[in-house]
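Read the structure below first, then the notes.
Naming follows writing order (A, B, C and D), and every chain is counted from residue 1.
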Amino acid sequence: MSEHISSVKLYITIWIALMVGTILTVMAARIDLGVFNPIVALAIASTKAVLVVLFFMHVKYTHEKLTKLVIVTAIFFFLILLALTMADYGTRLWT
Amino acid sequence: MFQSMPLWPARASTLANDVDALYIFLIAVSALMSVLIFTTVAFFAVRYRHRKGQHAEPIEGSHALEITWSVIPFCVFMVFFAWGAKVYFSERKPPQDSAEIYTVAKQWMWKFEHMEGQREINELHVPLGRDVKMIMTSQDVIHSFYVPAFRIKQDVLPGRYTVAWFHPTRAGTYHLFCAEYCGTSHSGMVGSVIVMEPKDYEAWMGGGGSQPLSVTGELLFNQLGCATCHRKETQGRGPSLIGIYNRPVLLEDGRTVIADEDYIRESILQPAAKIVSGFKPVMPTFQGQISDEQLNALIAYVKSLSGPASPSVGKGMAAATAQP
Amino acid sequence: MATAALETGERETYLNREYGVKSWLLTVDHKRIALLYLMGITFFFFVGGFFALLIRLELLTPAGDLVQADTYNKLFTMHGQVMVFFFLIPAVPAVLGNFLIPIMIGAKDLAFPRINLLSWYLYIIGGLLMVYTILSGGVDTGWTFYTPLSTEFLNTNVVSAALAVFVSGFSSILTGLNFIVTIHRMRAPGMTWNRLPLFVWAHYATSIIQVLGTPVVAIAIVLVALERLFHLGIFNPSLGGDPLLFQHLFWFYSHPAVYIMILPGMGIVSEIVCCFSRKRIFGYKAMALALLGIAVVGFLVWAHHMFVAGISLYAALIFSLLTYFVGVPSAIKVFNWTSTMYKGSIRYQTPMLYAFGFIGLFTIGGLTGLFLACLGIDVHVTDTYFVVAHFHYIMVGGMVMAYLGGMHFWWPKISGKMYPEGWGRLAALLVFVGFNLTFFPQFILGYMGMPRRYWDYSHSPEFQILNVLSTAGATVLAVGYLLPMIYFVWSMRYGKAAPDNPWNAAGLEWMIPSPPSTFNFEEEPVVTWEAYNYDEIKENEEVPVAH
Amino acid sequence: MHTSSTATVNHEAHDNPALLHYFATAEQQKDAASLGMWIFLITEIMFFGGMFCAYLVYRYWYFGDFAAGSSSLSLTLGTINTIVLIGSSLTVALAVRCAQVGKKKAIVVNLILTILLGLAFLGIKAKEYKDKFDEHHIPGQASFFLEGHIPRHPDIPVNQRHAQIYFSLYFALTGMHALHMIIGVGLFSFLTWKATQGTFGPGYYTPLENGGLYWHFVDIVWIYLFPLLYLIDRHP
């Protein structure tokens, strides 16, 4: 079976989207959104990361479910590291 | 021979009884489980040993059995967990009116300061029958305050306070160990905890002519010029410290923190870290200018400004040392 | 191309295909790389063992009289680092796993043979750094590298030790990566996931931990080195950093690392118990799932090493609870091995003796793990000899017993020679007795309150009797470990030639010649049977035993 | 002893020089390489993950000082670098595409563009590091001093200790990232050399694709580093 070949147009479109994301995140940082500042920043970064993974890294077109499983596993264990560490730091001041 | 080889450390605190009871329970369950497994293995090994002409029976497995021997251990484990958690909670939560002793650990010694002002190195005298709370910090690396006879252990960290408490139930001299590896003389960082009958303790207490820790702290407080801004009656450039200990403090950035020992310590060493609402960060830092012992004295003084003074070890006994 | 073997007229095997140092150092054959690892691992096992003996001799008397305090601190530090990073973690995967996994799944080699060789070179480079660390004065951080002791207060070779651990960690990651890809991609036709030997499942689970956990300890160790070299201040309490953060990152790997050590051992024991009971494993699926379960849940429990370290009360509760979850799959495994023997036809060859030993010692190690997970007890016994005894029961009682069992079981396949059975049984017995004598007294010592890493206990002479017992046991243990070393080497020259399948065992590795040829299989095998199909293998009444 | 029944496995004719003997088919080999690369990338996620975890803890503790440290970075250079790196990801993706469609010259052009963009990134990063040296923002040095105050709290000065933690993390994170970039540039120089030999085409471009995966991963790390390090509390 042959690999999926994306069009140059698609690559350029994704690139433009990434550029727009970069500008958006700089602009968003300069507005006071309170607690939403880091959330917006991470949401934009994650959107950009997903675009890169899906299109530049061809995960959208892979015939292999395993690749997706591998990515999800990594994110899961990374979140475990963060969540359980913060379970300590977040509750140290509780009485 | 067996007299010199006890299987058990002395049991000299209320907690020791709780921990030992739990330990015996765990040993009983574990012994039961291991005997069960070992006899089964041994029985199978002998009963089904290879003999000519006899063949193994093909057996695939059994879901019912798998579930049984998952669920039953799990339930037993939950009992272990719940009981252990209960003991741990009482270990970690000192009673409200515990007597307080400040501890500074350094390579490789233990320094103790009583509220009455007595200072000791590698020896800690405490009276029988009082709740005693150790407020501990380290000058260098991580140490660990471990008294096997009390079944307590708590790491002592640089840069912050940790707390351990105990209620001695038997007079005697007990080992104090550093349980966290701390460099060359780790195994020399040992001492004794001497639990005394109250009247002996009083006599010991009377021996030293020192002043209470909070008085030392008050002198220091004036000497360092703290009192010019943190005034007693009127509002100065700094917030009043009357009654703040263990109370919530509203900060300039909107957060609220509890004014515990760590907060007071931080506010002296890094005054700008948490600015009280309505005040300006004008206080100079005392980082590097005062020792951990002086810091403890200041904290003891600040705490003494909050209602009833922090109970001392001697308090509650016949002729308690006078409190300021 | 005429090979060395053909010229002498022997059957060509992976051992005699080519001769010369170059043919070994540049080999990409997984079996030869396994032997390269075997040499490195055996070397480090005896280096670490030598340190252990010195530690035990020092503790014979309460006073610190054999070596200086600093020397003692270096001894236990380097004992830990050498044993953990250069023996326990690589031993089973890199030797037996490397040799057997491709054969067991019907492949000619691992997916990335050159990366496999690279792993070995990284292991050796890490090992040389460790040897350099030892020879140039040693390191005394404790194997855990706790900050700020390691970053601010010691002037021994912390950086080279950190680098040694970092490089060997890379080797471990690449081995795990290679195994995962191999098991996914290289299985022979018909070798479905449900037909994999549990040995392969165990290595799959192990590899997941290696790949996910090792990088975290790598970065933690790098940050320690950066703090020393460039005075970065990530864990430095005098800048407001938290030394406990280092402990979190360290144990995020180093607790699962225990499962890197024990899971492959569990795989070995499953193979041996089935073979010498002539039975299918009891509850194959439960066993495979338990392996994966231990690997995954093992990542959720790390802070149980920190119950008295100053973490939050509530975090301690969560980690204690999660730790009990990992107890369940471990219990399942013990019960299933026991049940596998039910109505079997059991023989007591050396590998089976080690398997018996493993089950017993792992049970004790596991049960005492429940003590340490129990918050109230842990406060008293953590950082005492109770912990030392517990993890030696898992690592030495469990992992080393399994490793030796596996070495005996597959030695005929690896070397083409039989080891002397009588000596093998004697050594197994010595190891078992010596081990228990060494480490059981330490449980009692721990509960009595003897802290670990103490050079001098002259303040507590009541600890001496148990320490004497322990040291006595260590000497028996040392003899037990030296014996196999001697007779394995002896057997290479004088041992009876091994048949292709000396145990009448199931599994692809027993269907090819001993020792195998370079590409394992003449033709790609097609698997049509389940794992451990002992009911389909005709039992040979005469089991060949070399004397 | 029972032997396995032998089946004729469809061995591809060994006319593909890139097919290694122990793989049955080129596709098996390609899948193995791709899976291996992805697993390598998850180890990289966990490697950076440890540092992100430290970042999270200290940002939560010392937010104001982190914001002050962040404001001392050059937003302009950071943004330019982000754009440069995204551009290089595009050229990498295009290089792989050129291999898929067999435009051998264009592969080389795109790879050289990638290397140039990578070097540009490293150059700008070096300039930023030099600025930090000149401004005495190097943690652990006696001369460390971060002027100013916590953003929007003009009367709260920066805590010099906590600011050093921010810069420690800044240098650790961007330093590790830059190290990955340097390795990437080296890797891509090798790939460019291979490409000039005409190695890659529609039939075989696995090394190129895996190199691309690596490059994209390093790009993604930066996509997170940029807001986390440069954009803390930047609003007036």
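The working rule: contacts are C-beta pairs under 8 Å (C-beta built on N, C-alpha and C of every residue); 3 or more make two chains touch, one makes a residue touch a chain.
Bear in mind the structure is a predicted one, so any value in this text is a computation, not a measurement.
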* Which chain would you call central, comparing Cα centres to the global Cα centre? -> C
* Round to the nearest whole Å and give the separation of the Cα centres of chain A and chain D. => 14
* **Cα-centroid distance, chain C relative to chain D, in whole angstrom** => 34
* Structure fact -> Chain-centre distance (mean CA atoms) for chain A and chain B, in whole Å, is 43
* To do: Express in whole angstrom the distance between the two chain centres, defined as the mean CA positions of chain A and chain C.
  => 37
* To do: Any chance you could list the residues of chain C touching two or more other chains?
  => 184, 212, 216, 238, 240, 244-245, 248, 252, 313
* **chain B: positions in contact with at least two other chains** => 270
* Asked: Residues of chain D touching 2+ other chains?
  -> 31, 35, 39, 42, 45-46, 49-50, 53, 57, 61, 159, 161-162
* Asked: Looking at which chains touch, is this a line, ring, star, complete or other?
  -> complete
* Asked: Once bound in the complex, which stretches of chain A touch chain B?
  -> 93, 95
* Which part of chain B faces chain A closely enough to touch in the complex? -> 257-258
* Which of the residues in chain D come into contact with chain A in the complex? -> 27, 31, 34-35, 38-39, 41-42, 45-46, 49-50, 52-53, 56-57, 60-61, 75, 79, 82-83, 86-87, 89-90, 92-94, 97, 100-101, 209, 212-213, 216, 219-220, 223-224, 226-228, 231-236
* **Residues of chain D defined as touching chain C within the complex** => 1-7, 9, 21-24, 28, 31-32, 35-36, 39-40, 42-51, 53-54, 57-58, 61-62, 139-141, 159, 161-162, 164-165, 168-169, 171-172, 176
* **chain B-touching residues of chain C, taken from the complex the two chains share** => 64, 69-70, 73, 140, 142, 146, 148-149, 152-154, 237-238, 240, 243-244, 277-286, 307-310, 313, 316-317, 320-321, 324, 327-328, 331-332, 334-336, 338-339, 341-348, 356, 359-360, 363-364, 367-368, 370-371, 373-380, 382-384, 444, 447-449, 451-457, 459-462, 465-466, 534-535, 539, 541
